[in-house]
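My questions all concern the structure below.
We call the chains A, B, C and D, going by the order they appear; numbering starts again at 1 in every chain.
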Amino acid sequence: MKFLEYKAKAIFAKYGIPVPRGVVAARPEEIHDPPLPCMVKAQVLVGGRGKAGGIKPAATIEEAHAIASQILGMDIKGYKVKTVYLEQRLDIEKELYLSFTIDRSAREPLLIASAMGGMEIETVPHDQLFMQHIPTLIGIQPYVLRSMTKRLGLADHLGEQVEDIARKAYALFRKEDAELVEINPLVVTKGGKVIAGDAKLVVDDNAEYRHLEYAKLDQDRTALEEEAHEKGITFIQLDGDIGVIANGAGLTMATLDVLNLKGGKGGTFLDLGGTDDPDKVAQAFELLIKAKPSVILLNIFGGITKADTVALGVKKALEVMHADVPVVARIKGVNEDAAKQILRDIGMHPAETMEEAAELAVQVKRGGV
Amino acid sequence: MKFLEYKAKAIFAKYGIPVPRGVVAARPEEIHDPPLPCMVKAQVLVGGRGKAGGIKPAATIEEAHAIASQILGMDIKGYKVKTVYLEQRLDIEKELYLSFTIDRSAREPLLIASAMGGMEIETVPHDQLFMQHIPTLIGIQPYVLRSMTKRLGLADHLGEQVEDIARKAYALFRKEDAELVEINPLVVTKGGKVIAGDAKLVVDDNAEYRHLEYAKLDQDRTALEEEAHEKGITFIQLDGDIGVIANGAGLTMATLDVLNLKGGKGGTFLDLGGTDDPDKVAQAFELLIKAKPSVILLNIFGGITKADTVALGVKKALEVMHADVPVVARIKGVNEDAAKQILRDIGMHPAETMEEAAELAVQVKRGGV
Amino acid sequence: MAVLLTKHSRVVVQGITGHQGQFHTRAMLDFGTKVVAGSSPGKGGSKVEGVPVFDSVQQAVDKKRANASIIFVPAPYTKDAAIEAMEAGLKLVVIITERIPFHDTLEFIPYARTKGAVVIGPNCPGIITPAEAKMGIMPSHIFKPGDCGVISRSGTLTYEIVNAMTQGGFGQSTCVGIGGDPIIGTNTLEALELFQADRKTKRIVVVGEIGGTAEEEAAAYIHKNVTKPVVAYVAGRTAPPGKRMGHAGAIIQGNMGTAESKVKAFNDAGVPVAEYPVDIAKLLGQT
Amino acid sequence: MAVLLTKHSRVVVQGITGHQGQFHTRAMLDFGTKVVAGSSPGKGGSKVEGVPVFDSVQQAVDKKRANASIIFVPAPYTKDAAIEAMEAGLKLVVIITERIPFHDTLEFIPYARTKGAVVIGPNCPGIITPAEAKMGIMPSHIFKPGDCGVISRSGTLTYEIVNAMTQGGFGQSTCVGIGGDPIIGTNTLEALELFQADRKTKRIVVVGEIGGTAEEEAAAYIHKNVTKPVVAYVAGRTAPPGKRMGHAGAIIQGNMGTAESKVKAFNDAGVPVAEYPVDIAKLLGQT
């Protein structure tokens, strides 16, 4: 679950991390009492807003209205700006960087900090980064924070503030099941205060049940992907035209790869998971059909999955949707002969192996079958 | 730091552990609106109040006043009752036991629970106790609580309440630096509610700096012990007449043991620690003199401690206090010859070993020197 | 010998009374696994597929000398179940459950190390030692005893590959489905260590996928420490770039994590990478 | 050989710039200890008694290959210091500091196990291997090399006993002051294991005191596992009963914890117990 900046900042504030004052608006006329002078910031789930013209200063309320009107409705890297955040303008002395994320290899959270904030942190030379794993069993210790502020070369009164923010950001990271807490820039003002200039927060989807208040957040998904998410189906839209559906993420990826090697291009990544419930299969197929593929490539290797009930689900979906999209299907599993017969009965193309199925899908698309 | 019941219950309540309603009073006329019917409970830092007549029921406000008058000022095992707690009377269906303490050998907190509460828990057969260590790195897990309520034979609606109380009591145990959190009885009411009938809380003295709000609690100390505590001196009054002062807890104990073997009896346990600051030594000696020993036995083995400054402290204290109590001193350490001279100059009895010193102290007491 | 799981392993099934737990208990028994107990709070005293059910794992250990656990409980309860197994002294804990919040995994996996327990998964198909025992959900019939160790991050793709191996005459010593989550108890490198040390294993198959740097690290390890022939497959060459953990993720991952990076790492380590999954069998023929 | 500490140990002093830290750094150097570094946040770059000071333990490891730490920092900062040492990879951490809240100790001691680090203390005089090295605060001059291992819960009482041993001709292989707190990193039993395994140690002296059940457990262990002669002293035979952790404490401790219980346990294990501290030397003469 990704958070728009202003929602992330509200959570930051809950944990005691200093953030600038701000007001949010979906329409210019909703803007009443912005802190002035302010920055008008497009609220989108994508980076690079500034370069795209999504962040601009305003000194007066009139200017704020005018700029908000410009920014609202803008298209930033494919994201329409639906809200703006008008935020107190900071007197910037220095920009730092601070984040917590996980390091898969180390299986521990990783704290990254740098004195070179305000830019894309991956472009900062490695020797300018402070990186430290945090053992979850014992948590973040004062010596880690001391080493950090020492490396950042901060004077004591600033170091203390940054350490306090890092401690709170780690608490947030853990308690809110975050995948990422990122503050870039972490601003040092001319007045000697440290304050979160931006806020990125991504919360683990698997922990949604512990944070039901976040479940309704706008996410970085197409309409179909949103529908899939609501139905609990793993579905990603791609730019090819062959609708790929398989069971298991690895097998789905492999099916897309094999299809590609055979000269085709996947238009969907749909992982059916372990289900053989015909209704769920039908639901997944309905989504797939809505994505308007020219051919559907179904690849099931289910030692335990019942192949015939999967086939019945496919049949049902095609009937319900009145779809006449050609389907190439390879189903291995319990009762696979019965499954093949069901598929043949509705005019589909059964295949024995995934290589054969992929080849066939490409042929069908080219009108060769 | 030990807590009176009503103070412990206030902290329990802060952690969400259900406690009966109650009011506290130091004089009967302070009692205005007690929950009725109530139990009037003597607030003392010692067990066995009930048997000693320190807990009695009252049905009316007049009765409450009368009983409070009886109980206030009572002497319970040497403790004067300074306050009473008038607490809502519970309709008891069943009495359980629950505690968290540390197991030194396992180096882990230990949860103890029993369905046989309301009595001295150490008299309960071991097979009626549920005992489980809690690893601090990972905390208390649901399965532990489930096993506990299963062993206690509690129905689901009670089990859930007890599990919740245990979870909160563990949080209290950890966050408040407790040595002991004990609820006995943990009452199950006829109405099916679980509520802490009594509350014992002991907080680690070493963690006082994290809980300054507790530092002013009345403790289980004599006036002299309290004075010592305020001065940061480890001092316990014993029932013998030879004032023993040594450096280090082990050596102080050993000195008392040796004294005993030589036919003497210690009247104080005073551990000087590692100090050789003459002012601190003088302070400790002043306390010792106030305890009115017939002889003082000083035993210092200080490889690093400066023996002469210790001796100067002794000299100073005796002068300030105008004390003429005989002192037998054995001091090993840096400049020990100078120390011996200082002691001899003021008429003390230097000894070479602790055995010799103890023997000498007994002789001096008997008037043999 | 085999890796981690043998016919002597005494398995307790946590969550045995659930649909999945029951179904796979039957399948594991049929495969010959010594499933000695199940655990399901409040269901102690019952039986599932003839297996006695206890309220706690500790009872399964005390009464049935269980020494390994397979977990089927729902995600919100998995951390509790895993810690219960470790505290009861089990040294092998296989977690099938998927969609576990990774902050839970970040607690019980380091904790497992303090207890000397090996965790496989979560979100994995389990482990199988053909002709000996299965702790997992994979289809039994596609496996056959042999000398190939298989390590895989995915489930069904593994079946696809194992099926091809078996058909091509390449049986398996043990197949470890290490799981597809970002945080797993035993990673590719650690599984490689086990197979390198296992006398029965003569060749090793690694099935990787995009995301993370497990394959790159494994390749470096192979180059240095593995004397047995290794062949690999990497899924996701044409998949959309996985979600990247913001800029912080980019720092951790650097240029790694892509299929190209992984294939190159394997090739640099002398590990041939199959183009098609079924080609694994062909590559094994050349080892 | 000796136990835990030898002349090759490379010691970093945490809190070297404090009064205690500086004083004992001098004394440890004088004894021949390889004190290679100090650490004191914000004081990096300075020197104390000729020893370079770093801001962090990690730097002391990186620059000076420190492999053991002695901690003198005040109690509120000790947990942090101990974890810093463990995370920097040090495998021996001696904690002199007293009055540390035991809920802190309850965290860093289990954590030390996850890192494979040995903690001595807290609230202890340290370790000394005569003629090799000292990590501690004990008076150096009373020690002399020999074949007696000494394990003690107290400080000055140990000096008393060691002094008598040295005067009686019984030198020490290593003397470990395990500390007087309820929760300590290395207890009597664990120290016994070390001395039992140490070839240089021929006899073992255990100095116990009332409270807890460490001596009773040690006695049981000696009976079963220790082949070397052991002699003991127990302080507190006439001390007031120590504070008891309420009724819960009574359950844990049962009838143990008193001097009588401890003396009996030692005697039952064939360990003679000295009446006077100085008698330890006599008892050693009879081994």
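FYI, a contact is a pair of C-beta atoms (placed from the backbone, for glycine too) under 8 Å apart; a residue touches a chain by one contact, two chains touch by 3 or more.
Note that this is a predicted model, so its numbers are computed, not measured.
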Farthest chain (mean CA position) relative to chain D: A
Chain pair showing more contacts of the two, A-C and A-D: A-C
Chain centre separation (chain B, chain D; CA means) in Å: 27
Chain A and chain D, separation of their C-alpha mean positions in angstrom: 53
Geometric centre distance via CA averages, chain D-chain C, whole Å: 44
Touching two or more other chains - residues of chain C: 107, 110-111, 114
Chain A, residues touching no fewer than two other chains: 135, 137-138
Contact graph of the chains (line, ring, star, complete, other): complete
Residues of chain A that touch chain D when the two form their complex: 135, 137-138, 141-143, 146-147, 150
Interface residues, chain B side, partner chain A - complex: 137-138
Footprint of chain A on chain D - complex, ascending: 41-42, 55-58, 77, 79-81, 83-84, 87, 107-108, 111, 114
Residue numbers on chain A that touch chain C, as the complex places them: 47, 99-105, 107-110, 112, 120-122, 129, 131, 135-137, 174, 177, 179-180, 182, 184, 200, 202, 204, 206-207, 209-210, 236, 238, 246-251, 253-254, 256-261, 265-266, 269, 301-304, 332, 353-355
Touch list for chain C against partner chain A, complex: 23, 27, 75-76, 99-103, 106-107, 109-111, 114, 137-142, 152-160, 163, 180, 182-183, 187, 207, 209-210, 212-214, 217, 233, 235-240, 245-252, 275-278
